[in-house]
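Got a structure for you, questions after.
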Amino acid sequence: MADTEKKIKVAPVAKKVNHNPALKVVIYIVCIILTLLSIMPFVIMLVNATRSTNEIQAHAVSLIPSKYFFNNLKILTSKSFDPKVGFMNSMIVSVGCTVLSIYFSTLTAYGLVIYDWKLKNAAFRFIMAVMMIPAQLTTIGFYQMVYKIHMTNHLSMLIIPAIANSSMVFFMRQYMVGALPYELVQAARIDGGKEFYIYNKIALPIMKPAIATQAIFSFVTSWNNLFTPMILLTDQKKYTLPIMVSLLRGDIYRTEFGSIYLGLSMTALPLIIVYLILSKYIIAGVALGSVKG
Amino acid sequence: MKKKVLSVLLSTAMVASLLMGCGGGEAAAPAADDAAEDTADDAADDAADDAADEGDSDVVKPEDGEASAAPTNGGEGGTINLWTFTDEIPKMIDKYIEDHPDFPYTVNSTIIATTDGAYQPALDQALTAGGEDAPDMYAAEEAFIIKYSKGDMQDYAMPYKDLGIDVDAELAAADIAPYTVDVGSNTNGELDALGYQTTGGAFIYRRSIAKDVFGTDDPAEISKIIGGGSGNFDKFWEAAKTLKDAGYPIVSSDGDLWNVCKHDPGSKSWINEDGKLQIDDSKLAFMDYSKDLYDNGWSNKTQAWQDAWFADMSGASDANAFGFFGPAWLINYTIAANCGGEKAGEGTYGDWAVCDSPVGFFWGGTWIMANKNMDEAKKDAVKELIYWITLDTSEDGLQYKWANGTLNGEGGTKDSVASGTVMSKSDGSLDFLGGQNMFDYFVPANKYAKGDNMTQYDETINNAYTEQVTQYAAGEKSKEDAIAAFKEKVATDLGIEAAE
Amino acid sequence: MKKDKFKGYAKWGYIFCIPFFLAYAIFQLYPTVYTIIIGFTDLKGVTTTTFHFLKNPFENYSFILGNSMFRKAFGNTIKLWVCNFIPQISLALLLTAWFTDRRFKIRGQGFFKVIFYLPNIITAATVAILFSALFGFPMGPVNDILQNLGLIKEPYNFLIKKHASQYIVMFIQTWQWYGYTTVILISGVLGISTEIFEAAEVDGASGWQTFWLITIPNLKTILLFTLVTSLIGGLNMFDIPQLFVFGGGPDNATMTTNIFIYNQAFKGSYQYNKASAASMIMFVIIVVVSAILFYLLRDKDEAALERIKKEASKAKKQRDKEAAKASASAGE
């Protein structure tokens, strides 16, 4: 340690020197291996979407596409799998959840970070506690409630609860503590900004990198959510894509694996697109982050 | 000040919701008597009124039973709600309505797959909550039918006789497989549920291997060799040795054999009269069977529904298994689909035959039942559908079409059905079985199976048991440890202590 | 003066937080309170809704705490979490260090970031199907590869071996979540002022030094977030072990506490009361561990600020006292 410090003092030009090229090679090799591991399931999924059920049953994993894509598509659409309806419902739920949870979580975090109020710490502790309750059991109470008030088959029952997303509040708060200086809010007040105006015009833009990351997670989670929608949505017109895929798997005695993989691919595709769109903000976050001074 | 208002608001909401929880639940139970119901509801009403600003007050009303008292959908043009887990029954009913345009109801199907574990919780919630969205007809499969026919949920099932079906006469006339009646009856012996398909099991073997090892592929002969119908496995193990000497395992997976052992007609149920866990001798014997299969190479150590298991169907294994235990659907939907061909000479197509299983059993099956709390006006229509599916023996009945594969035109998949009457006038011969009429063996198989020794805990107990048997067979632990671990698991998960 | 200004704004704190608490009260409060209460009752059975409070209110709790399967499940959960969190956070920190070090100029890092997160997009059910196919026995891709490489002679039945199935679950968890953690950490680094990095660069700090002395300390709030959420997620681990090797794996080797709770509540006997007690025990454990983490990683600046405030008020009091004394003595 002492040695390196000395070295730095001796050679302060180190920053101009290129890093060890061998290390750079190692970095690229690691990244490429991780890339292969990460895309493996997608390749298998897409390839299997073109294979027949019997081919898949004989060899579950293959990298060679086959010729049963249209056959699988035919089976898929004949089995109460309606991509259009499923896509619309999934979209409504996921976009609704994401927008509500992002806006209100950031709002709550802002309330917790910027203002000083008596119950502030109690409120934050409560939100943390909520986050820690094992969800397995409480969901049953929720189902019971929704059935009792006869609100099954309302997509809103999946969307509105997203306002209270404790772990996202936690993230937003943690991020805001570091990224939103109080002086900025003060300055805006002096300029005559109203509180909601300051939140919408100053706080939200600064939070963009955090919002982009959380938006992706929230969107992915609600897009893939299966169990709760499955219990609360019993009308086929309200089914989301994962429910439809689950129905394909429903008959274990004669499962059409080819069309299941096709269904899975179709479910994952919009997700990947949304992700790629949002990921632009993550990558471009450097500039956004530096707004703050 | 604000703090106080907030806490008052929260606690009011809390109390209201709690009372709502208990009271509401009670009210929803159909058997609850009116007095209890009223007080509970009043309490809930009061509390809900207190918390009116929480928007909860309208919560309590719908479950007062008004919804079912006043027909909301009665008469022409109403809707029957059907809950099931595959599109099989909805498609049948579509067909029925297509053929009977005068049927006055539309059928609204809710399909929730069982694979992700959501069907039962959703169905339970829907039945207990009641109201106009509640299921009028619902389906249950082997794994959980007992819970709905004679278990925790039996109070929601309407016995067939209350639908207006002359149960005894119809059962006799249709010659319904007795095990399906056993399974579908409630604790008072009334019939709650019946199926259409039957799943009595036989032994399905490869003709070429039979010829190679035993010199014959005649089902009657092979039946004798493996001890078909003998009620025990003595001859079966002799055959296993002979086959092994010739290089063939007798079965693919020990799970295939478990399907037989778990429904052994001679065995006692998992739970004794005192509500304690008992391990019947025939189930205990499965531990040794499994170990023998494993150690002696009498199986290919595969697992059902995995690649290697299917390989034994297409003949792609290094040493192909002699056969599978299974009902008719296993032949049509699984073995035929995975035999590697579509006509004789391709893959193993045509190289299969069916003979008696040494011990009777059944595997799978779907039962249909009606909701006790359904709208009075819908009863006749529900009866019409249930009768057509489960008891109608005419050529227009579902079962005739199902057995002959003609529901959607000629050439469909043939399957074994519940009515012996229908089977006797149907033709079950398949090219896949080298022209053999499979019904020759599945009709007696359906009679041979028994379903009176099942409990609603079977699925959980069976999984816990086979898990430990696998550990023992694979040499991971001793027999005693395996049994002790099994008992502990059942005691913890189900609260059922072991007898002794 | 300043205090008055603070007071004027305090109401906005309440206003901004109200939607959260309102939504919580409407949708979550009843289920949660109901769950807590049944832990002290005899409620079991799918349609039972009447229940009685137990004479010994902690009967269910003592049953769970004394139950060897619960203890085993708890041990498994800790093991599975720790052994997937350590490689996961190490990998994520390493990638963060590489990607945010401006002197490396890793090309295509946008691409890599996007790709690494992908395993988190697919559902647990799909992951489970894929991995059980990969580790199939006696034939399956992993067995084929290992046999072809000559590493094993006989096919190995991974899924009935306790340790093998635990390792696979750990691997899946790490594989699914390292990308998520990396993305979170990088977004945290992006929130740090670039000036600090520039200053460090000017001072000639090495990449390694910059990372440890600048990035990590400034990342503390986000690291705390990662640690706490991963802890909560880890102690509530359910999907992968449940779906991958059904309900607890070989000889319960991958049974987590949440699977234990699920089995109590929904398998056959519907022992809601015991499941509730087990949930609450887990809740208390998570709260305690998180509180410790919070204390260890607490925001030192904030704590310092609090201390200064306190000292200031103390000092003020002291001054007031002294002033009073002084005036008193002056009066004398």
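For reference, chains read A, B and C in written order, and residue numbers begin at 1 within each chain.
In this text, a residue touches a chain if its C-beta (ideal position, glycine included) is under 8 Å from a C-beta of that chain, and two chains touch if they have at least 3 such contacts.
Everything numeric in this text was worked out from a predicted model, so none of it was measured.
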Most heavily contacting chain pair (counted by C-beta pairs in contact): A-C
Chain of greatest Cα-centre distance to chain A: B
Chain B-chain C separation of Cα centroids, rounded to whole Å: 40
Distance between the centres, which are taken as Cα means, of chain C and chain A, whole angstrom: 16
Distance from the mean Cα position of chain B to that of chain A, given in whole angstrom: 38
Numbers and ranges of chain C residues touching at least 2 other chains: 14, 30, 34, 125, 133, 136, 140
Multi-chain contact sites of chain B, meaning residues that touch two or more partners: 17, 20-21, 24-25, 28, 116-117, 121, 128, 307, 311
Two or more partner chains touched - positions in chain A: 60, 118-119, 140-141, 144-145, 226, 246
Touching residues (chain side chain C, partner chain A) in the complex: 6, 9-17, 19-24, 27-28, 30-32, 34-35, 98, 103-104, 106, 108-110, 112-123, 125-127, 130, 133-134, 136, 140-141, 175, 179-180, 183-184, 186-188, 190-195, 201-207, 209, 218, 221-222, 224-225, 228-229, 232, 236, 238, 257-258, 261-262, 265, 272, 275-276, 279, 282-283, 286-287, 290, 299, 302
Chain A-touching residues of chain B, taken from the complex the two chains share: 3, 17, 20-21, 24-25, 28, 58-59, 62-63, 83, 85-88, 108-118, 121-122, 125-126, 128-129, 131, 133, 305, 307, 310-311, 314, 316, 329-330, 333-334, 337-338, 340, 364
Interface residues, chain B side, partner chain C - complex: 2, 9-10, 13-14, 17-18, 20-22, 24-26, 28-29, 54-55, 116-117, 121, 124, 128, 147, 152-153, 155, 300-303, 306-308, 311, 456-457, 459-461, 463, 467-468, 470-471, 474, 476-477, 485, 488-489, 492-496
Interface residues, chain C side, partner chain B - complex: 14, 25-26, 29-30, 33-34, 37, 44-47, 49-51, 67-70, 125, 132-133, 136-140, 157, 160-162, 246-248, 250-252, 263-264, 266-271, 274
Parts of chain A lying in touch with chain C, wherever the complex brings them together: 4, 8, 11-15, 18-19, 24, 27-28, 31, 34-35, 37-39, 41-42, 44-45, 60-61, 104-105, 107-108, 110-112, 114-120, 123, 127-142, 144-145, 160-161, 163-164, 167, 169-171, 174-175, 177-179, 195, 199, 209-210, 212-213, 216-217, 220, 224, 226, 242, 246, 264, 268, 271-272, 275-276, 279, 282-283, 285-286, 288-290, 292-293
